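Labels A, B, C, D and E are assigned to the chains in the order they are written; within every chain, residues are numbered from 1.
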Amino acid sequence: MPSLLFYLFALITLGFGLMVVLARNPVTSALSLAMSFVGLAALFISLDAFFIGTIQILVYAGAVMVLFLFIIMLLDIKAESDRKTNVAAIVGAIVLGSVLAVQIATVSAAHHQSDLTLNEAALNLVAAGNQMAATDKDLPTISKDLKAGILPDTKLMGLALFKQYGFHLQVMGLLLMVGTVGVVVLSKRDKEVAR
Amino acid sequence: MTPPAQDTTASLPTLLLMLPFLTALSILLGHKLLKGASVVLSIASAAICFVISLMLLDARDSAPMLLPFIEIGKFRIGLDAMIDQQSRGMMFIVTSIGLLVHLFSLGYMKEDEGKVRFFGSLSLFMFSMTGIVLAGNLFMMFIFWELVGLSSYLLIGHWFEKPSAAEACKKAFLTNRIGDFGFMIGILMLFMANHGDVSFSGLKGGFAEGPLHEMTQTHTLFMTLAALGIFMGAVGKSAQFPLHVWLPDAMEGPTPVSALIHAATMVAAGVFMLVRCSFVIEASPDAATIIAWIGGLTALMAALMATQQNDIKRVLAYSTLSQLGYMVMAVGLLAIQVSVNHHEAGPGHPAMFHLYTHAFFKAMLFLGSGAIIYACHHEQDIWKMGGLMKHMPVTFVTFAIGTASLMGVPFITSGFWSKESILGVGFEACRPLFWIGVATAMLTAFYMTRMFVITFLGKPRTESAHHAIEAPIIMVLPLVVLAALTVLSTFESFNRLLAAMIPNHAEDHPTVMIASIAALIIGSSVGFLLYRGKNSDPLNIKLFANKFYFDEIYAVIVKVLQDQLAWIVNGLERMFVDGIVARLPAFIAMRIGSAARILTGGHLQAYTFLLGAGVLMVIYLVVFVLPQLGH
Amino acid sequence: MSPLEIVILLPLLAALAIWLGAPARATSVGAAVVNLVITLGLVFSFKAASAGKAGFAFESARIVLDNPAITFGVGADGVALILTLLTALVTFAAVWQIGDDKPAIYHIASLLIAAGALGAFLSTDVFFLYAFHELALIPTFLMIGLYGHGEPEHRKAVAWKTTIYLGAGSLILLAGLVWLVLEFSGGGKLTFDLQALRAQAALTPLPIEKQAQIFFVLLLGFGTLVSLFPLHSWAAPAYATAPTPVAMLHSGVLKKFGLYGLLRIALPLLPQGAQVAWVQEALLFMLLGNILVMGLVTINQKRLDDVLANSSVMHMGYIFLGLAAGTEIALRGAVLLMFAHGISIALLFALAGRMRNQLGTLEFSKLGGLGEHAPAFTVLFAFGAFASIGLPGLANFAGELMVFVGSFMNYGSTSFGPLQWAVIVSLWGVVMSAVYMLRAYRSLFHGSAMSGLFMRDPSFSQRLPLILLAAVLLIVGCCPWLLLNLIKSDLAAVVAP
Amino acid sequence: MSVFSIEVGLAILGLFLLALEAFMPAITRRTLAAISMGGVALAFLLFLLVNKSATQMPEFLQAYQQLDTLAIFYKGFSLLITFLVLWLTSQCAGYLSKYTVDGRLSEMFSLPLIVCAGMMWMAGAKDLVTVFVSLELVTVSFYVLVAFARKSALALEAGVKYLILGALSTGILVYGIAWVYGATGSLTFEGIAKALANPETVKLPVLLGAALLLAGLGFKVAAAPFQMWVPDVYQGAPIPVTTFLSVGSKAAGFVILTRVIDTFFIQGSLIASEVHGLLLIGGALTVLLGSLPAIFQTSVKRLLAYSSISHAGYLLLALSAHGSTRLDLSAGGVVAFYLATYLPMTVLGFLVLAILRINGGGEDVTDFRGLAKRSPLLAFVMTVALASLAGLPLTAGFMGKLFVFLGLVDQTAWGALAAAVVGAAAGFYYYFKTILAMYTSDSSSSSQPIPLNLWTKAGAVALAISIVVLGVYPRPLQSMLMESPATASAAAH
Amino acid sequence: MITLSHYLVVSGILFALGLAGVVARRNIIIIYMCLEMMLSAANLTLVAFSRFHVLAGLPDYSAQALVFFTITVAAAEVAVGLAIIVALYRSKQSVEVESVTKLQG
């Protein structure tokens, strides 16, 4: 993954991220958020997290952005009239953002692995494959791919999710259930308008 | 909790002490039930006490413990008596004059509706006075010192509806209290120096060979202050120079009160106590000189004031003040004699002897004036009397005897002998004071003859004086008895019989005799010539009439030093102490609180900003600040 | 179930019964009488009960918490018993004195305050000693806020000031007590039990400097509750505006909790604490402030209740003087003075309350010549007034005398230390107290009666408790050894004999 | 039959109730309330009886759930508070239905069950993933509950504010977890603790992670810099939800905070002193920002919100006394003790407020005027609650404060102690304002008596008695919390 | 070459950008978008750390599981959030921040 591509995608992510904040028209900011997520997905893929990258595009760029656009259209929210821009808020925001960024930058520089490149943190797939084959027999496909030197990211992700974090998945189910019920309760049209 | 066992010799003094107290208590509690009987009860108790004091006259010296007061381990403050010649003599005076005054006031207070309360207070006074006389240690002395102050407060303020009486009793109590302030300091200093033993025997032992002995050499200032502290108690009680202002005002009380308290007994308590602790005063010569000089000055000043008084009781009050000055001077002079000139003290004490004689004729004079006032329908101004010689012969005769004795008519009156003994001591110890004494004697003669002439001689000046008739028998009888006692007390044998502490008459220097007789003649003749047949006072010396303006000076001092200072301090306290300790923190808390309230101002944007800022602060604090602090 | 627990719980149960509807006056007076009888019984049987052992008599303990070992332990030694007797007497007088027209909350509040005081005096555990005292905070607050004298705004302001001031004071006290307990439990288990702490203090006394620091914090905490000079500004307005029973109970009884606390906790556990130079000077400065400044402030007052309230603040100076001296005699004098001041100030406030009911005002300028028509009332007021200015023969004198004498115990030395100078200055305070009390007495009872304003004597039944208090003043005044023999030698003799 | 089965049972009951509403619209509110309260009561009973040894958990959960004393206590605590909230909701049902869509309240009875399950999982969490998941379940449910009575403008506004700030704090929490994971290489508490113990872990990233994590959790428990949302949301939300937030959500927040602090204070941990400093400063600031502004409050509901902030401050100060071994209770134990005393007084305060609201009164202090006349029992009970909130002795509130003071003095944190004293002193003012109002009766206050049905009366008296008993005889509570110190702070020591 | 700190810095900047957006904008929907942006920035950090923390030759998938859960939670949050925003719009006809200032003091 040549470094050029990394900088391209980083630029896309941050550029469109800035567009989201600065855009007057909510639709433009929604779409620029989608593009920013796409850039982000690319970064995920550069980190060999293919499953998360695709999920990012499917769920975030797809479902969440569509939801936002749908709501913006439904409520027909006009572009923000710039008569009363809250200068104090903007100045505050800039200060907050820059100070936070500086803090995070200084700390990330101090991280013990900060100067480790992707190649140095190489994955040793074959060894993992043999080790996997040795430990649990009933997952031949994963160990076969590993031995073949390709990273079955989605399969490993499935393994982690359903084997290690099965309980949490159920709780996520419960959470989504509550989310939907919440949506129904909160947005059902009432006979007369709320006082 | 049974009080400690009592030995038998204590039964008499205990009865003597407790009887009047129980009478006063029963009158207080049961005055509705007893109604008239309480008066009889109080007179009976006075009579019994008189009999007991007679029995005590020939009892041997003893120091029984009467009642426990405070007992903690070996630390003990108790009401323990000390019976010796001085207390026996004084006891006789107190109970005899007390009984006579009781009888006199039976008549004088007949139609007063507060009569029951009057006799209750009288019994309370008898209790406190007996306590002082019998006191065996300084604490007991202090306790009864204040109780006497209380009873004088009650008696002076008997007619409390009169604003003047209300003010007078308050003034008396407060002045006494100021005296007690000094007295307590003196006691505490002696307590500290003598390792906690302030009984008279213990103090005498301390001064003889105990801790106080070398103290007198090494810490003279400490001992002087202690002596002056004790003296201040006497100044408050016997109305000496700085604190004398309350005695003239005390005349607001009924006359029997003036007779008993402000002539014979209470004011004499100060002198009695000084004589009791004479060894303390002898221990520091300069205290003795100060005491002597204050006594002298008081005597002179009071005499000067007396010359211009028109109220019969005020004249007598100032004469008492003057005579007390004499006695205190005598105490001082004798102390100088002993400590400076190292004369060893004789058996008696001139001050006690003068106190002894003065008690009788001054009480008689006061009762006489009471009879006159009663006869002239409560008229007290001598210029409204006159020519009472014919109307009230018995009172005239007794009054004459009293006046003579007070003036000190040579050889035939007791007053002369006692005054003589004082002037004798004065002559040797301190010459200037001797001449002041003589001058006072002259003035005494002058104002007594002035009063005598105006009241008794000449023609009656007003209607009431014209119709004055002799007072009823119940009031005249005590006069006669007292006159008899005055005459008897000139004779040596009678006095020795009544343990009157007569000093031996070392042959005084002849000039003493001559000077006093000359003073007498000059004073009385000038007085007689000046006032015979006059209807108004020829002399008009504002300074003396207004009592050297002491009352006004003290009023200013009180107003400035106390009331205005109190007002300022009150303001300061409210502003600063209350302000800083209470209102300031409350103000700061309110200020911070209202500032903090802006944080929750309702704007969502402000909240997100604050939350973000909060996060940054936490990061900055935790990541960058605290590690450096090595917290 | 030791009799002391009954004494504490009785008023609480009575208050609850009244709240549930029982006849207010009957229940409260009944409870007060029973309490008084039990206390008197305890006083008389105290000699026998405490003959053997050194510590507390009539003990019982119930464990309430393990690690900081807190037990609801009750026990009484001489000092506690004297103060319990004081509480029982004043409660009886306060409750009896409440008029029939007053709502039931008067009785409930008085009983709660009494229970708080009794609990504080009788518990042998620092936690409950502190906790019971706070029981009285809300009743006092409500009574001053709702039924105090003066117009509503003033009442509420005074109620607020008193509550927050006392609250803050007790919090500082809590911090001090917690520090004390932590210091003493060393490595081992935390315990709030007094006897264990005292044993620990005897075993391993703390370093002098730390003793001084803890003592100073406790002094500030307890001082606020007792109106020590700089921390006193809540006291006078509170007592002046509080309704009579609350004023009687608070100034007569509850105020003594602070001093009792110092006596029971601070002195035995931190013996040298008070004698360290800077603490001694601070304490002397404060108590002289009490005596001189408050003395002058009292002289400046124009109303009777203000005079009484400020004088009760001033008299605390003498008791603190006893504590500052720390000698055996001075401490016992302080205890006696607590008892005497409690009785006399309660009597005076009761009379002032009665006077306010009948005449409507307590201004000196508006009153005068009451003596003529109300002789009994005058005599009772005389008893209270003369007791409070330390007249021998009445209870306060013996206490004051012992406090003064106790401070002059450094035998043989002829130089005056700071303590001795403080005593001499406070002697002048005695004169000042005579000035303001006699001025009050003169302007109220002597002189000519004002137009129409004259008092009738209270009926005998109304006078009964007041006569009781006056009689107690006289009896204790004449024979102080009655109470002093109760205090055995266990009262920590801190300094010289 | 393990504790986990109880939790799952509750969640399922919640879902069942949701479904029940959908399929049987005619079902009355009363039966719904009865089912849900019955379910929680049954769960609580079973919880008390069930064998609570750690081994008894299902095997797949061993890695993510632990059953030490703290977990058991907080699970019981969650069940109790849920039951009380449901009871409170059933009390206010009539009044609340005016503000909800078509007057239906079914979600108000079913969502709390799910929230209770979530809180129980939070209590036992052993790693950050479980923490995050169960925390989010609870938070999202609260988003719905807060904005539930959306016909009242205030509730909606509170919902929006809670939503935005909640989401922001979740973002910070996740970022914190990321950095903690990044610096220590593990997501489980033991893993993190091990990493913190060995010296060559780089300190700076861990500090950043810890700061962000504590900031995220700080929001949840209303700690100082993140407490500005509390007054608005507590005032806007319906009373039962506010009670749930103020007690349940705070307790859950504190159980996680205790776990996290135990991990950070592991023996020889790199960042112990920094976190200790943060806790002290944060705690003192929270107490001050919680009590000083409360002086000006006129609405009692908003007042109780500020009191919940100030109590959060005291809890933080209790946590900071981590090193002291003087008390049998570890710092977490003291926090649990404090929360146990905090529960009855706050619920009682909100109950009285709710009853007043039902009878047409407002939430202002002036609406409390004359309550003593209208219903002496309510006034007395409210006085006990307020006295306990103020920390008067012989009430539960004082015991909690006593432990906090003991901890502070033991570690000689004089600044924090001063803040605690000032906070408590201010407390005397704003808590007693209501007491004074209740007992002043003047013309302006309505004077018809307040009808109380038997259950309400019994509930109120029971809570008041529990306050006094905990204040006077806290021994059983302490012994319960200190049962097996070994497990309680296994991670810590 | 691309190192871990590159990824951390990018996600840091994105996070800071999100925070700035939340504070700066007045339209609640935009604020909500920025919140999602912050969440995904956090995800990026998590994925970066999991990739560089090699566990037995493979990236640490437990962190990636957490990322998955974060995304799910974000989705649920967006759903509920938008529902509330719709309800707000219906009652206040505006999604401006100024419309929610009645609760204060």
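Everything below uses one rule, namely that a residue touches a chain if its C-beta (ideal position, glycine included) is under 8 Å from a C-beta of that chain, and two chains touch if they have at least 3 such contacts.
What you see is a predicted model, and the numbers here were worked out from it, not measured in a lab.
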Could you work out which chain's C-alpha centre is the most distant one from the centre of chain D? B
Result of counting contacting C-beta pairs for C-D and B-C, higher pair: B-C
One chain's C-alpha mean falls closest to the whole-protein C-alpha mean, and that chain is C
Determine, using the mean of C-alpha atoms as each chain's centre, which chain is farthest from chain C. A
Centroid distance [mean C-alpha coordinates] between chain D and chain A, Å: 32
CA centre of chain A versus CA centre of chain B: separation in Å? 103
Euclidean distance of C-alpha centroids - chain B vs chain D, Å: 76
Inter-centroid spacing, chain E versus chain A (mean Cα positions, whole Å): 8
What are the residue numbers in chain A that touch two or more other chains? 86, 89, 92-93, 96, 100, 103-104, 107-108, 111, 164-165, 168, 172, 175, 178-179, 182, 186, 194
Touching two or more other chains in chain E are residues 8, 15, 18-19, 22-23, 26, 28, 31-32, 43, 48, 50, 53, 62, 65, 69, 73, 76-77, 80, 84-85, 87, 91, 100, 102-105
Multi-chain contact sites of chain C, meaning residues that touch two or more partners: 164
Which chains touch which? A-B, A-D, A-E, B-C, B-D, B-E, C-D, D-E
In the complex, go through chain C and note every residue touching chain D. 19, 63-68, 72, 105, 127, 130-135, 137-138, 141-142, 145-146, 156, 159-160, 163-164, 167-168, 171-172, 174-175, 178-179, 181-182, 185, 190
Inside the complex, what are the residues of chain B that reach chain A? 605, 609, 612-613, 615-616, 619-620, 623
Spell out the part of chain D that touches chain A in their complex, as residue ranges. 11, 15, 18, 60-61, 63-64, 101-102, 107, 111, 114, 117-118, 121, 129-130, 133-134, 136-137, 140-141, 143-144, 147-148, 150-153, 156, 159, 179, 182-183, 201-202, 204-205, 207-208
Applying the document's contact rule, which stretches of chain A touch chain B when the two form their complex? 86, 89, 92-93, 96, 99-100, 103, 107
Write out the stretch or stretches of chain C touching chain B in their complex. 47, 161, 164-165, 229-234, 293-294, 296-297, 299-300, 328-329, 332, 369, 371-372, 379, 386, 391-393, 397-398, 401-402, 404-405, 408-414, 420, 423-424, 427-428, 430-431, 434-435, 438-439, 442, 445-448, 479-482, 484-485, 489, 497
